[in-house]
Each structure stands twice: as structure tokens, then as C-alpha cells.
Amino acid sequence: MPSVTDLIDRLESDAAADRPDESTPDVGIIMGSDSDLDTMQGAFDALDALGFSEQTDHADPPEGRFSYESYVVSAHRTPDLMYAYAETAEDRGLEVVIAGAGGKSADLPNMTASIAFPLPVIGVPVQEKSVDSVIGMPTGAPITAVDAGKSYNAALSAAQILAREYPEVRDRLEELHDERREGVGDVSAALHDLGVRGFREREE
Amino acid sequence: MPSVTDLIDRLESDAAADRPDESTPDVGIIMGSDSDLDTMQGAFDALDALGFSEQTDHADPPEGRFSYESYVVSAHRTPDLMYAYAETAEDRGLEVVIAGAGGKSADLPNMTASIAFPLPVIGVPVQEKSVDSVIGMPTGAPITAVDAGKSYNAALSAAQILAREYPEVRDRLEELHDERREGVGDVSAALHDLGVRGFREREE
Amino acid sequence: MPSVTDLIDRLESDAAADRPDESTPDVGIIMGSDSDLDTMQGAFDALDALGFSEQTDHADPPEGRFSYESYVVSAHRTPDLMYAYAETAEDRGLEVVIAGAGGKSADLPNMTASIAFPLPVIGVPVQEKSVDSVIGMPTGAPITAVDAGKSYNAALSAAQILAREYPEVRDRLEELHDERREGVGDVSAALHDLGVRGFREREE
Amino acid sequence: MPSVTDLIDRLESDAAADRPDESTPDVGIIMGSDSDLDTMQGAFDALDALGFSEQTDHADPPEGRFSYESYVVSAHRTPDLMYAYAETAEDRGLEVVIAGAGGKSADLPNMTASIAFPLPVIGVPVQEKSVDSVIGMPTGAPITAVDAGKSYNAALSAAQILAREYPEVRDRLEELHDERREGVGDVSAALHDLGVRGFREREE
Amino acid sequence: MPSVTDLIDRLESDAAADRPDESTPDVGIIMGSDSDLDTMQGAFDALDALGFSEQTDHADPPEGRFSYESYVVSAHRTPDLMYAYAETAEDRGLEVVIAGAGGKSADLPNMTASIAFPLPVIGVPVQEKSVDSVIGMPTGAPITAVDAGKSYNAALSAAQILAREYPEVRDRLEELHDERREGVGDVSAALHDLGVRGFREREE
Amino acid sequence: MPSVTDLIDRLESDAAADRPDESTPDVGIIMGSDSDLDTMQGAFDALDALGFSEQTDHADPPEGRFSYESYVVSAHRTPDLMYAYAETAEDRGLEVVIAGAGGKSADLPNMTASIAFPLPVIGVPVQEKSVDSVIGMPTGAPITAVDAGKSYNAALSAAQILAREYPEVRDRLEELHDERREGVGDVSAALHDLGVRGFREREE
Amino acid sequence: MPSVTDLIDRLESDAAADRPDESTPDVGIIMGSDSDLDTMQGAFDALDALGFSEQTDHADPPEGRFSYESYVVSAHRTPDLMYAYAETAEDRGLEVVIAGAGGKSADLPNMTASIAFPLPVIGVPVQEKSVDSVIGMPTGAPITAVDAGKSYNAALSAAQILAREYPEVRDRLEELHDERREGVGDVSAALHDLGVRGFREREE
Amino acid sequence: MPSVTDLIDRLESDAAADRPDESTPDVGIIMGSDSDLDTMQGAFDALDALGFSEQTDHADPPEGRFSYESYVVSAHRTPDLMYAYAETAEDRGLEVVIAGAGGKSADLPNMTASIAFPLPVIGVPVQEKSVDSVIGMPTGAPITAVDAGKSYNAALSAAQILAREYPEVRDRLEELHDERREGVGDVSAALHDLGVRGFREREE
């Protein structure tokens, strides 16, 4: 296993490699602990649904045009790794970072946004009690945030940013949205037309 | 299954049909998601207890004089359906709408109240965290709300409005109230006269 | 000055007088203390804007068809007056009661709703800290509430109930609503077309 | 089963009977619903531990000098029963009332305190969310309260009031307190002298 | 000025003096800081209104039968003085203690209640943020509390305890209560009979 | 003044005009009321500092390449204007919308994000109590938000999105950031090197 | 079992024994109840990981240089034991005290800090609701606190104080920190290099 | 004025200079913004009261043995300066750091504690809303905190740490404490002996 220092070196050498935009991950997903993975799974699910691939080697891109990568980065246990990740993010080709953290001192999203600026960072409070800490940035130090646990939405928001440049991402967002909309329509008609009892029976 | 657009067309054609008051649903129950149904069940239970029927086809009323209908309407996933429902509500013959929504951005009751005005809308916060969002309307944009999860009470409140015009609804409300009152009396006498231990033994 | 006991007697004799609906107040406004009057003023303002008159003598109605009356009724300092007010409310010809109370134990709206049932009662929490106490009724004991301090909206909601029966109240609600809507339109066009600086200069 | 009206008549006839102090219950325990009984059980336990008896018939006292009685009294479903209970409490010989209620509109303790004044009433918020409603009385309308669910302490506080007059109650309070104190001492010495591991082993 | 140690000695010698009940203060009022005095003033006002005198010398009682005394006692800056006050309270002839403290660690009421047990202690949270700390006692360590800042009510509650033994205190409580009740009646009749505008004009 | 209906027509005709990207506003700033303008001023200030111009006529762009426009749009008083604004936003050439709203039911940002999807919308809670309502969107309906009142940061975040495509926006963001950073450096050195007293004297 | 009075005597005789620093416990761990032990276990775990021994007899030190001891001390049920523990703490050779308490009136840490001053006391709120009570000390009465339940961190903080004097404690803290840091590195590399799916498969 | 980069270089060269303990500052005080200075003033006041000097040049110590220094360090606007400060803190001779920050994302104390570990860091939440963010550290990443705004107490706590090694600091802490204690005694005796009215008159 690489040590933390090895990882920092790797990030810096990725950044120096100056790889073409098409071959680097577009979205970086980081989280403060692997115990946050269940909550952050939504981000992976959304990006998968939008047709993104996961890139597990910076030097060896997957086939699809759009990809994401993920790291565990702890603000309090590995501040140097956090610093290196944020500082190299733009040079490593990322277009947007999704950063999730739990607890009442959820510093990872904020510190990453401060260091990686002007790269956009979307904060995901992993717990309800993390919302204040993630959202509460002072004037001049921007972050945008989604609600507690809403990593799925964070990934949609990241894709909305990419969609300004890439029409295929925009199209895929619309398709996904329409599916969701028709899902509501189905259930709405069923509840009304079958009546509550009929609807409940059908659900069983 | 009808698409969302079909449902919107249907609501508009119901509104245009100009059916007689006796044949249209009196109470409209909407909720932001079918996952709210367990919480909203109280509204159905209360209306059933008051002798209301469920109307599942706007063109084909049930036998009883008083009826309700229900739809799933998502403010955030189907804003156009929400808009159409609220805009046609009064023309479709509804006298009062009960709107339930969960989450911290429980916009459905408020938006419905704003669009359907001056039809009375009673908001049901589906979760404790939905209360602020449902109740917090600005001056000039009224909604009334019940407490989190109290869909049963919302239905009683809806019936209280109808009772101003319809003595039979008023009578049924009083009967239901008296049953509840005597239920307290029974348990009160039992606790006192049997003593705590005796009462607990009886309960087992 | 009449004593509290005199007031109770008066309420009971009003109730017994069986006066015709047109000559009794339609909306009763009560508040826990005269220190709540500034907050409750909104209810008077809204009803005035809707063309309601104030009735100061139950035996001597004002000229207009629709009217309101007001009393100070303290749940904790005059529980017997509260009881009498709520118990006689419907017989005194009221169609809906607006009850405002402050503090963390804002019992007046809830107790009034419980005693006056099935007459609709709209609770106005006079302070933010009164919201929970006003809204938190148990299943089977309905109240509807507006947000803290929103007595203006409570009066609109009361009028929405009356509007189910009385088209002239409904019409007046729509007019008031349209005025408000056009007020937003004016300010929106001004902000856009003059630009922020121009708009601010105009406001000065 | 007696009806609610029967219960009210009974309370009034108890009050009129003018029975001697020794034969009437000293502590009245009321609660808003029998679903509060598990939380209110602590009051019964404490009074039992202090040697009080339960009196289940006002006309037929138990053997011991000190006794309590209990009723279910709902502020919102049986306001008239609540009113009658509070109004007759002192005449029925009670020295102090313990009133428990749940929900956010926990009006029973407050209304009882207001009506039964100057009899001392100790409020028990049955849920955490009931604390504000129970404690928040306006100036001039006193209640004292214990923390959420602390019905055991409410009973001790009731006994502390009785202990001002009755040395035997005071003595029993001290004995109970000493037992509790020595219980802490035992566990403290065990933790220290056995060490954490030893202590945990002993506990298993 | 006496030192803190002098004060402790004084309290102990007061306790040892074994003075007759009639000549010792009945109510002890303590507060964590003299900055709490404005909030605690209500307790003095209420006791004055009930005819109590202030006793400023334990050896030299004032003329009236009922009296109170007051000390500043800081749990965190003078824990030994707090301990001595609570430990000697009953022996010094007090019947009930009113203890006020501010801040989030309002320990004075709780510690006093724990040490002075079984003497009743009524806690007054001096600030809203002190409520939790004052009310939150564990099972077996009772305190009763009033709402934040409600020192006036704490004094009424103290008097309610004394009223169980002393009919003249009970009578004075009832008189005070009736005055307050009629005050509500006056304002209620004025608001109704003059109408809102007339009432406001009168108030100016 | 144009009526609300006129404004809706105007928005739709702007959208239909299909103007070139360079001549349409890049950032749309909307707010629920002109009383929100002081809080939203930060967004104007930040965009001004980044060299954006204000566009007050959709058909007549200002000189600079980057521009913003603003409207007052009330979700509850002008739901149709809100709907039209959100529905036409992308066709009117906007790249990102900043939507501010106050109160506890701050529905404007959420509804706008739902209707304008997939255009990115950044919500600005105008008051602390608006945060929950703005941020709390359900899965599948994304919004990103800044903290209460942080309209300045919302504008920076909007620019960060534009900076992905436009290097000149990115450069200007970096310059602004460096100024801020050196401002901290100046004050830090002054505090340290002058000492607290010296620093305070200099500030006076 | 020794009585509480025996324990107080023991503490005082320990303090008088004037044992050499090397033979007395360095860290005292106290908690309000043995029900707090599961939460306080973290402190024991951390000190064990740092090589501290548990001292179960003040007269008979364990082999290692650094040690801790523990007692159950209830502020509300054994105020005299609390007083004696705090007053003798420094004389008994403790360098720092870790005090944990639960409930909303978590007075033990604060009172101990006040009495044991100037010995450093680190407060551990055993429950979330204990945080305010533990942290909220007035000016001049210092305590430092960790977050709810973070007894492990409290022990690290205690060791950080000892580390100022004892380089071996400092070294052991660094080692423990490095282990934790490399743990993050391992999991970070695994998540990235295996991808989410691969990582999850490995975890199963 | 030195640039931020100059400051970082200065900190690193201070650290490399390896100056003797007696000549380096003992307490480092940092704050996120100079707008925090009024709140942090308490720390300076307490250290001044304890006889500490301010050191404004690392190479040129003041006369007294004990000293402090201060810097403004912004986690979000100068993350590199924060990193450098924390990383060099121990090598620059500091024994303890007091770090204050405001806002809901008060990251400075936490990040400093994480980077400077095992140097003790005491966090000062500059606002009430900063408490959660400062105190909420995860297991293994310790910080201790004082209550919002309690910078004075943070300095006392820092001195309590130093007092473990330096008896003169310990003595000065005791003197300061005694002054405070006697201040309470004076006011307590005055309130009691003069009575409330007399006391108030004296205060005027």
C-alpha cells in the first residue's frame, strides 16, 4: 500500500503530467472517511446513471468521454493529503469536486473549496449536523452545498456545471429528469384512479 | 398509464366540464410522493369516519353526497402538474385542498395555496422538519397548517369548513367528537377506580 | 367596568338571544393579552381591507353584512372567561374564530378550538416561540394555524372559509390578491429596467 | 362505565362532601392520556417507595395516612372534565397535583395550575417536546415543572411540599435519599478498587 | 466587608442558633451574580405584594410574620459558600429556597437543591439558555423550575407551598389573583366595547 | 408600468428571439421581494468587482462581454411570473441563476431550480430561517445553496461555473482572491508586529 | 463496601499522605454514574493505547510511570463526595482530571473544575444534550471540553498536557497519530485504485 | 507590509532558528479575522492580568519570563498561512495555542489542532453559532474548547497547562481566583445586609 506521502507525491506528479482534458477525470469525489461511503454512494449512482465512467488510474483513462475518480481524504487526520489534493485538483484536470464530510466539524469541503479555488466545489454534509459547518463560509470564500446526505443531487449539480460546455451531458440530464417525472405521473394516476385502497393493494 | 401531460390535460378538461357541485369531489388530497401515503392515511381515515366516499373518476361520482379524491403531485419533479392541479382546483369543484409534503423544502402546500387562492388549502407537514417550510408563508399569501403528521386533524379541519354550509357534516363531526370524549372518560374511570396496578392488569 | 363574571353572563345571554345570522359578528378575534394587540392588528387590517365592519355591541350590528368582534381572553388568568367564550361562540353566531396568544404555553388557541369544536379556530402564535404550542394538537383535536405573527393571513384564511358560502367575500379576496400581485409586477419591472442603481435612486 | 358527565358530577359531589383531611388523597396524579402511563409510572413508584397508598374511592380511604389518586384528564378531548377536576381539587382535599402531558401543546398542566390556583401543581412534560409548553407560563400564572419524563422527581417534589407539614414524610424522603447516595458510593468504590476491567467483569 | 470565609462562618452560626420559626426568614432568594438582580427582582416584587418583609439580619427579624432574605452565591466562583448556604438552609429556618442562575451552566439551583434536600428549591433560569441546565436533573435529585426569567412566578410558587400551612398566605395569594383577573376583564370589555380604534385611542 | 401579464409576455418573447449568446445576460438574479435587495446587493457587488455589466434591456446588451440582469419574482404572490421566468431562463440565454428568498417558506430558489432544470440555480437564503427551506430539496431535484445572506459568495460561485468556459472570468476570480488574501496578510503582520495595543491604536 | 463517608475520608488521607509524584495517578477519570461507563470507555482505551496503567490503590502504584484512576462521583446524589474529590485532586498528585456527565444538568465537570482550580479539568458531555451545560462556564471559571461522547479525545488532550513535561508521552502521542494517518492513506488508495465497486467487494 | 508569502517564510525561519524556550512566546493567539479582535480581547486581558508580556518580534523577547504573540490567520482566505503557522508552532517554541474563529464554518481552531498536534490547541468559538464547528472533532483528532466568546477563560486554561510546569504561573492563577472569589463575597454581604432596596441605592 502506498503511504500518505506516496499519495501526495502521486497527486503532484499527476498534476505535473499535463494530460489532455479528455483523458483526465472530470469529477473528483472525496470523502472524509470510508464510513461516509454509504452516504456518498448516491454521487456514484447518479454519475453512473448519466453515463460517466470511474477512472482508477490517472495515467490510464477509461473508454467513455466523461469520468470521475474518488479518494478518502481526512481534513483532521491527513491535513497534508487534503492540502495536496485541493492544490493539484485543477491541474489534474478536474472540472468540479464533490466533497463529503460528516460530524459537526465537517471541514473537508470548506478547506478544499478554499484551497482549490476557483475550481467549483460542491459540499455534501454527510449528516444533518454537518450542514452548518459545510454551508457556513465567510464572504469571499465560496462553496455551494446540497442538503445532508444528498450526494445524488450533488452529482446532478456537478453535471449541470459540465452541461454548460457539453451538450451530451445536458441531454442525458434531461432524459434522466423525464424518467423521474413520468414516474411521478404513473403513481399519481394510479393513486387517483384506483383509489387509496386499490392503490395499496396493488403495492403489496 | 397516462403521461404527466395527459394528467394535466385531464385536469383542464375536468375543470372545463362544469359539473354540478354535488357530483364533484369536495376535498382534494394531494401529496408530494407516494412515500407520504402512510402519513397521509389519517386524512383518508378521518374522511371515511365522517362518511365521505372516494371519487376515482371525475365524470362518475360515487353515491354519497360528500367525497374526496387524491393525487400524487410533486412540486419539484412535476411543477407543471402542480400548477395545473392548483389552477383547476376550484373549477373542478373542490371546496378545500389538503396538501401534504415532507422534507425541509416542503413547497407543495405553499405553492398550491398560492396558485389555488382563494380556495382554502390546509398544509400537512409530513415530517417534523417540514413544519417551518409549510407554515412560513409571507403576509398576503395565506395557508393554514396542522402539526407534523396530523393528516387526520387536517381532514377534520377540512370538514369543519364544509360544516359551515352542510349541517350533516357538522352533525357527523359532533358524533365523532363525542365518541372520542367518552373514550377518555372510560379510561379515566378505569384508572382511578381500579388503581394503577388494577388498570395495568386489565390492559394486559 | 363589567367584572369578568359580568362578561361571562353577557356572553351567555348573547348566545341565548338567538339573533339572526346577518346581525351577529362573523369572525371573532381573541387574544391572550392586550400586549398582543400590535401583533394581532394585522387581522383587523385585513378584515377592514375586505370590507368587514367591527361590531362592538352584540345587540346592535353595524351596517355592513360582514363584521368581526374582539375580546381579550386569557387562558391562564381568566380560564372561566375563555371557557365561556369558546362554549358560546357558535351560538353567538360566529362562523370562525381567530385566536392569538404569545409565550411558550400559548394555550388559548388550542383550548378555544377544543371547546368551540366544531367551529373552525385559526391559531395565531404571537411569537416565534409560541408556534409549537399552538400547532401541536393531538389527533382528534384539530386546530389550523398560521405562522408566528401572521394575523393578517389568519384573517384572509378566515375570509376564505366565509368565501365558500358568500361570493362577495370571495370576490373581495380576489381583488385584494390582484392588487398585491400587480405591486410585485411594478417593482419587478422597475428593478430590471432601471437597473439596481437606478432602482435604488428612485427609492430614495 | 360512568360517562364523562358522570365523572364531573362525582368530582363535584366529592368536593361537596367535605371529608376530613386524613381521609382524602394528598396527591392527585393526572395525565392527558393513558398512553402517558408508562412515563408517569415513576410518580407512582416514588410515592409507593415513600409509603403512600393509592386511594381508588374518595369515600373509602386506604389504611395509611398518606395517599394519592389518579385520573386520565384530556385538556383537548375533555376540557370540561379538566375544568371540573382542577376546580374541585382543593375542596376534594388534595394538597398538590402532579399533571403530566405530552405533545407540543401540553396544555393540561398549565390549565390545571391556572384553574386550581393556589393549589400547587407540578407539571411533567411527558416528552422532550412538551417541556416548553409546560414551563412557559406568563407572569402571574405560576407552575413549577420537572424535566421531560421525570415523573419520579415530580413525586419527590410533591412529597417535599408535604414534608414541610408532616415530619414523617420528611424522614422517609431522607431515608430514600441516603439509600441512593450509598448506591453511588458502592459503585464508586467498586470501579476504583477493581479497576475498569475488574468492574466490568463483575457487572456481567 | 466580611470575607467569603466570614460569610460561611456566619451561616453556620445562624444554623446553630436554633432560632424560633417565626423569627427566621421563610424564603431564601439566592442568585449566581448581582448581574442577575434585575431578573430576580420579580421575586422580591411578588413577595412584597404578598406582604412579606425582607430580613437583613438573621438575629433581628422584621415585624411581619413572613419574610425573605437574599444572598449572592456563585456556584463556580464560590463553591464553598454555595455548599454552606445549601447545607445550613433548613437549619437556618428557611421553608423554601428560590435560586436563580444564568448562562448555559446554571449549576446553582441544581447543586443547591441537591445539597439542601429535602428542602424544596425552585430554580429560576435567568436566561433562556439556562432553562435546560436548571431543569435537567437526574432521577432521584428533584428540583422544580419556572420558565426563564419568571422569578415573579417562582415567588408565587414558593408562597403556594407556604400556603399549605398558613391560611393567611393562601388568602393573600387569592386576592392578588383576583386583582389580576379583573385587570384582564377591564381590558377585555374595553377592547370589545370601544372597538380596536377606540381602544387604541384610549391607550394613547 | 407593465402588468405581470405583460412581463410574462416579455419573457416569452425574449426567449423566442433567439439572440446570440454574447448579447444575452449570463447571470440572472431574482429575489422574492424588493425588501430582499439589501441582502442581495452582495451579488451585484461581486459581479461588478468581476467586471460584469448590468443588462436592463434584453434586446440591447451593454458593452462588456459578461452581464447580469435582475427581476423581483415572488413565488407566492406571482407564481405565474416565477413559472415563466424559470421556464424561459435557458432560452433567454442565461448560464446560471442566482435566486434569493427570505422567510421560512423560501420556495423561489427551489421552484426555479425545478422548473429551469438543467440550468444551474444557486439559492441564497435571505434569512437564517430560510436556509432549511432553500437547501432541503429531495433526491433528483438538485439545487446548490450558499449560507444565509451570502449573496456575494453566490455570485462568485456563479462566476466559478462560467470560469470553466471563459478563462477571462477565471483570471478575474484569481485576482480578486489574491487581493483578499493579501488583505489578511497585512492585518496579520500589523497585529503581530505592533502588538494588540499598537494595532488598536492604529485602527482608531 | 466503604460508605460515601469512608470514601471521603480515604480521599483526604490520600491527599495528606504526600506521596511522590511518580507513585500517584496522573490522570483522574470521574463520571456521574456507572451508566456513563460505556461512553467513558474511550478515555480508558486511549490511555491504555498510550501505555498508561490503571492505579487501583493510591498507596500501591502500578509498574509503569504513567497511570490513571477512576471513580464514580455524582454531583447531585453525592455532592459531598464530589466536593472532596475535587478539593483533594491536586494534593493526591493528579495532573489533570477528565470528568464526564450526562443529562441536561451535567454539573460534575463544571463543579469539579471550579473546586479543583487551578488543576486542569477536561469535561466530557456524555450525551449531546449535555454539551451546553458542560461548556457554558462564566468568565473566570474555566473548563475546556470535548464534544459529546468524545472521551477518547479527552484522554488524548490530557496526554497532550502531560506531554509538555514528559517527552515519552509526546512520542507515544505521535506514534499513535501516525498509525491513524496511515490508516487513512491505506483506505484512500484502495478506494481510488480499486474503484468503488472493487473497494466494496474487498470490504465484504 | 510583508506579503502572505513573506509571513510564511518568516514563520519557517523562526522555527529553524531554534531559539531557547525562555525567549520564545509561550502562548500563541490566532484569530480568523481582525473583526474577531473584540471577542478575543479577553485572552489578552487574562494573560496581562497573569503577568504575561506580548512578544512582537520572535528574535527579540520582552523582559518577562512568560509571553504571548498573536496573528490573524484565515483558514479560508489564507489556508497556506494557517498551514505554516500550525506546522511551525511547536518549533517556534509555543507551549499552547489559543485559536478563535467565528461563523458556522469555524475551521481555524480544528485545522490548527490537527496540524499542530501534539501541541495543545484551545478553540474559542467567536460566536454562539461557531460552537458546534469548533467542538465537533472526530475521534483521534483532539481539540478542547471553551464556550462562545470565552477567550478570557481560554487564556486561563492555557495558563493552567503552563502551571503544571511553572509554579509561578500557578501562584498567579490562584491570586487572580481569590480576588474574584472575594468580589462575590463583597456583593453577597452587601445584598443581604443592606436588603435589595439598600443594595440598589448603593449601586446607583
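Chains here go by letter, A, B, C, D, E, F, G and H, matching the order in which they are written, and residues are numbered from 1 within each.
The rule is short, and it goes like this: a residue touches a chain if its C-beta (ideal position, glycine included) is under 8 Å from a C-beta of that chain, and two chains touch if they have at least 3 such contacts.
It should be emphasised that the depicted structure is a prediction, and the values quoted were computed from it without experimental measurement.
> Identify which chain pair among A-H, B-D or E-G reproduces the interface of C-E, meaning that over half of its contact pairs, matched by residue number, are the same.
Among A-H, B-D or E-G, the interface that shares over half of its contact pairs with C-E is B-D.
> Would you mind pulling out the distance in Å between where the CA atoms of chain F average out and where those of chain G do?
About 49 Å, centre to centre.
> How many angstrom lie between the CA centroids of chain A and chain G, rounded to a whole number?
Comparing mean C-alpha positions, chain G is 39 Å from chain A.
> Find the geometric centre of each of chain C and chain D from their Cα atoms only, then give the gap between the two centres in Å, rounded to an integer.
It comes to 38 Å between the two C-alpha centres.
> With centres defined as the mean C-alpha position, give me the chain D-chain E separation in Å.
Between these chains, centre-to-centre, one finds 23 Å.
> Which chain F residues sit where two or more other chains touch them?
Residues 33, 77, 104, 135-137, 140-141, 147, 180.
> Report the complete set of touching chain pairs.
Those chain pairs satisfying the definition are A-B, A-F, A-G, A-H, B-C, B-D, B-F, C-D, C-E, C-F, D-E, D-G, E-G, E-H, F-H, G-H.
> Going by the contact rule set out above, which residues of chain C touch chain E in the complex?
Chain C residues touching chain E: 1-4, 6-7, 33-34, 37, 41, 44, 54, 56-57, 69-74, 77-78, 81, 104.
> State the interface residues of chain A toward chain F in the complex, per the touch definition above.
It comes out as residues 42, 95-96, 117-120, 122, 131, 135-137, 139-147, 150, 152-154, 156-157, 159-165, 170, 173-174, 177, 180.
> Which of the residues in chain H come into contact with chain A in the complex?
32-33, 75-77, 79, 83, 103-107, 110-111, 113-115, 129, 132-138, 140-141
> Can you check the complex and tell me which residues of chain B touch chain D?
Against chain D, chain B makes touches at 147, 180-200.
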